[in-house]
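Both of the next two complexes hold chain A, though its partner changes from chain B to chain C.
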Partner chain A sequence: MRDVNLKPITALGLDLPQVVTLGRWTLTERTDVALASLAVRRGRLADVQALASAAGLPLPPAAMSEQGAVYAAFWVTPEMWFVEAPFASHEDIRRHLLAAFGEAASITEQTDAWVRFDLVGPGLAQVLERLSNFDLAAAPSGTATRTVLEHLGCYLIKRSETLVSLYGPRSSAQSLHHAWVVAAQSVL
Partner chain B sequence: MTQSNRIAGGQIDRSQTFRFHFDGLPYLGHPGDTLASALLANGVRLMGRSFKYHRPRGPISAGSEEPNALVELRSGARQEPNTRATVAELFDGLTAQSQNRWPSLKFDALSINDRLNSFFTAGFYYKTFMWPASFWEKVYEPIIRRAAGLGSLTKLEDPDEYDKGFLHCDILIIGAGPAGLSAALTAGRSGARVILADEDFRMGGRLNAETFALGDQSGADWALAALAELASLPNVRLLNRTTVVGAFDHGIYGAVERVSDHLPVPLAGKPRQTFWRIYSKRAILAGGAIERPIAFENNDRPGIMLAGSLRAYANRWGVAVGDRTAVFTNNDDGLRTAVDLQAKGVDVVAVIDSRENSELLPGIRHLRGAEVTNSAGRLGLSQITVRMADGRTETLKVNALGVSGGWNPNVNITSHHRSRPVWREDIAAFVPGSGEIANLLVAGAAAGSLSTHGALVTGDEMARKALEGLGISAISAKLPKAEDAPVRIKAFWHVEGASRAWIDQQNDVTVKDIKLAHQENFTSVEHLKRYTTLGMATDQGKTGNVLGLAVMAELTGKSIPDTGTTVYRPPYTPVALGALAGRGRGHEFKPFRLTPSHKWAEEQGAVFVEVGYWLRTQWVAKAGETEWRQSVDREVLATRKSVGICDVTTLGKIDIQGTDAGAFLDKVYANTFSTLAVGKCRYGLMLREDGIVFDDGTTARMGPNEYVMTTTTANAVTVFRHLEYCRQVLWPDMDVQIISTTEAWAQFSVAGPNARNLLAKVVDQDISDAAFPYMGAGNITVGGLRARLFRISFSGELAFEIAVPTRYGDAMIRKLMEAGAEFDAVVYGTEALGVMRVEKGHVAGNELNGTSTALNMGLGKMVSRKKDSIGMLLSQRDGMTQADGLRLVGVKPANPAEALKAGSHFLKTGAAATAQNDEGWLTSLVYSPHLGHHIALGYLKNGASRIGEKMRAVNLLAGTDTEVEIVSPHFIDPEGERLRA
Partner chain C sequence: MIINHPILGPRDAQEFVYLGDASLIHRPDGLTASIEAFHDYTYLRANPAGLHRELWYHEQGDRSWLVVTRNTVTHEITSVELARDVARSEGRSK
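Coming up: the complex of A and B.
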């Protein structure tokens, strides 16, 4: 093995994840979560459900997310989920999932396809209503949805009344971050 | 200046005084004032000049329907033209200027137009400026353009920010007068999510302008109490200063919130305005009614206004517009103005009532069966002429006149989906027609219930109806006792006279203009509007339209509804373009996509080019390089000599898995992929259904059921969308799963004779030609980190593309440059990339132009006929397969010292430069530093058979005509020895 030690940077181009506090809201870039897509091969839903259960991997219903002991998952389209896991232990998340699901599912690493921002604080809908047409206030906790922010296709997961995860295209992390900061300042 | 016309009462805060300027003169006002109310309080009636005749004008209303009192608000970059003084909220330090006058408001040179009015009748510009025709562009149009318009633009950039946003509710209530408040109380108490929006800064609607009691409270106090209760409900959102401007599809309404317009400068970080898109399940329009005037000669003088507005200024703002006032009315509501003003101590000289049998007002000179026939006063009203019932005329010295021709329910928004209003004879007005806007209900005066009691009751009723539709149990408010006077009106539209009587004051449309339109057969309501300009411009005919229709009805002998109806369109009131744009302007016009090497490239001083949202390195200038070509030539030569590195992350990458993945690719690609061996790549050509080339790229087989497709940067999204369509719609039974991985991997092309030597220092595996041959692909590791390697070449050199997870991309480019130092490695940008692909004869966007076939590109053999694929059949149709059709060729100047010009067309030597002689065109042009002259690719008729032929490349726009030689498109290494090295 070559003595090549590549040092990662965050989607915002920094050495460490950025945390920004604006009034009652905090915006944190999360680099500690590995992500993969898991799509059921044709006719293998029952197998996938059984294997997921054995692996402790939740498969939430449409438009929902669910946290397991190690894995979390959110629904993205029929018979397809995004699976989250701790980056430290599951950086090569595809390898872990292939071991669990074999040929029953198609699995693709998605960790660095996305930037994840966690938005924490009360009344997040006030900020989000300037960015997306997703009705955050009416959505129950656990809701996961695809929406558009700043012209970009994103996923939003309402984990609780005071915590929302935003997955957006990694290459546009700075634009998304800027849009959020500007929207929050509009409200404050 | 003192507030000479300020009287007692009103909902202004007299404990604070604001200083403001109009046309450079200082005035005083109070919080709660509008610019118009404050100017009127200071005795200023003259606020503007009319559009065409430059007649002196003052406000005729106290609301957003105002056609006259338009000013330029603020100064410098924040100056805003055509702002209605009647809704401009006063703030300390406000400055405003009158507009459409020169040199001053009191003396306007263009008021000469008024004396020449016989030349400026409706449609004058259709009949004049006709001869000589050559004068139009150079003489007439510039004059007309200079004269047209009202306010002026500063042409300075707007320094403020605007937001856009999305709101959701069960019930949107438009208007916070008695009907809107009643509806909001019922809906809010019942637990529905309610948005109550009102354009005014003080909610309450006419309750703030009237003296009626609601129960044991004044109307204004009841409104305050209702608003306090609504504000305490977590399910109710109150949006004052918010105008709902349009009804769109699926219960979506547009609304402009004027967040900071009442402040001198927006607070830091705050927008000036926010444009809301409101998603509602139900909507209740409670927009009230708008009073209309009666037309009579010279009815446009400052001091003449709508009677309801005259009393609104007195009751809400504590302003008597004049100290000697008269009222001209055809209905009982006009009488209220006289009563209220007299109660305020204003001298009410007379009430001129066009009805003969109305109930006599006690204590006021009530002239029944009378008409106002004319007015006088140079810059404002000083007297009116009244024709009594018996025919006598009398002149009355007055400086304020309230006119009431009745009230028009505010049907505007109900028309936005083309629903026609319906005429109601009993109130002499249009009411909303049966709604074409789904789930929109109408309450209060907007629905024709013109009493306060009617407003409260219908507001409650409509809220209950909306709640029922939503399955929410209604909890109604106990409604207070309120006035319930019937509408007593006798329709009366205009007083006959010889001179001009104004109908639409903003556009200077008079009764005479309507008569002229009728005389010239422009009787249809749509023609009437366009011929006379009735109802155009900022007020959209809110006060004039029905009056104009009524006059036309009289002339045609038809009823008003038979004459026609106006269909209002959004927006209800003017919307600033900034509000529509939101944050999307300048640097924030669109998001950017940054490549994994962006940070490093910025440090190197790279020049970036926008490719869609991407910012790609175009070239990286080194010290001493002053021209872009120097940098690009160096990057090309260094790459061909040793090794160059290019960030190619932007190419689309699509992960395709499933047991049918190979068969799926056989269908979407023109060539075959199911036979591709694991660990190999293949160039693929994708056609549209019509046989035209859609996209190209290489696809690698990473496992038995796993492929990675690459697309062009431009088509990354469209190809993915196309594949999703194919997978979900065309062949849903195939076992295929796809997902984009474009951003997941930082991918770098490493090209040049030393590419392998460089990479061998970085990767953990053997990548010799034997171990990793041309078109090889596989998962490798870089210092143990998972990575991918593809042996593919766009430059024609020995080349690889190496990919690592994106977060390591920055480190990877640094590592490659460090490892490449001994080989003098360079980074090359998109310009050098383009030069090398033309040198190699590879097609790109200029050739994949949406009209070219595989045959045109010289790739006809790639379209396999052994299998069915999208576009295969139609690529073989007549006209697509001519032997002498366009073919991709290389082009070089016959004299290498001569430059070629992009966009040139091919012509035979001696042929005239006409379209008939056009033989094709030059698609891509570069300077090849390797060859030392310009080279190009192009499409040429029968091109494959014309290698070696001399032709001309002619560009008529640039004025160039260059002799060229047609050559093979492969300028470098036509046998491919380099890339297989």
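Coming up: the complex of A and C.
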């Protein structure tokens, strides 16, 4: 087989993550986070809670997210979470989680299914209220929810008043990016 | 219309997809039920002017199936339950 020279590209098709600053808001594409889903198998909730606690992995309650030392997690549906970890150390995140949970949970690699944008700045709700019906301003910090932006099913995680993570389908990364830029410009 | 999700609280009906009568949970056993039972399950529905139990899917939310009791005349929603809990309480789920 001939040597092939492959180079990784971001969801937006570039060499490096895109950073866009519009007024007081900055959008940063995050390529340094690995993602996996963790679903409890029938009747194994107590086991998963114990194993998660041993692995230092938070399992936040409904509609919430939580940051641990290495792992972070956000709730997606009853007895299921998305788990985030640093890409550099956890590129094979599924193998890490399988070692921790064994047969108690079903774990699926999600890293390359999604694009993550981090939105930073004061008053992010002014932009996001033009894109989604989710009431970001009223939601407490830590809230994680699925919602629709630009006709795309996305996850919004309000990590603080000035930081929101947006997960959307990776194949629609440019549409989502464009929607954000248009909405932010219309507010400014 | 707002659906009061049992876990997530009030959510816009736009986030949900409607399936139909909640009696769809009661699918007859494919190996033992008669053809008549399957015919009735597949084709026969009540069409009440009043309370109706129906299945909704929270597609743009936590992707759970819900059993919603809705008044078909006024659209008032009187009860929302997780379909999983309903099915298990009726002995449908293993």
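The definition used in the following text is that the second predicted complex is superposed on the first by the 182 of 188 C-alpha atoms of A that agree within 3 Å, B and C clash if a C-alpha of one lies under 4 Å from a C-alpha of the other, contacts with A are read in each partner's own complex, and residues count from 1 in each chain.
We adopt the following convention: a residue touches a chain if its C-beta (ideal position, glycine included) is under 8 Å from a C-beta of that chain, and two chains touch if they have at least 3 such contacts.
Just so you know, these numbers come straight off a predicted model, no measurement behind them.
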Superposition-derived comparison: chain B or chain C, residues of chain A touched: B
Which superposed partner A:Ser171 touches (first chain B, second chain C, both, neither): first
First, second, both or neither for A:Ala63, with chain B first and chain C second: second
Touched partner set for A:Arg130, first chain B, second chain C, both or neither: first
Which of chain B and chain C A:Thr31 touches, first, second, both or neither: first
First (chain B), second (chain C), both or neither touched by A:Arg146: second
Contact residues of chain A, present in both the chain B and the chain C interface: 133
Residue ranges of chain B in contact with chain A within the complex: 161, 163-168, 193, 268-271, 274, 277, 279, 583, 588, 590-595, 598-599, 613-614, 649, 655, 657-660, 705-706, 733-735, 737, 739-746, 761-764, 781-786, 804-808, 810-812, 815
Contact footprint of chain B on chain A as seen in their complex: 1-11, 13, 31, 37, 39-43, 80, 92, 103, 106-114, 129-135, 137-138, 150-152, 169-176, 178-179, 182-183, 185-186, 188
Complex contact set, residues of chain A against chain C: 62-63, 76-78, 133, 145-148, 153
Touching residues on chain C, where the partner in the complex is chain A: 7-8, 12, 14-15, 59-64, 82, 84
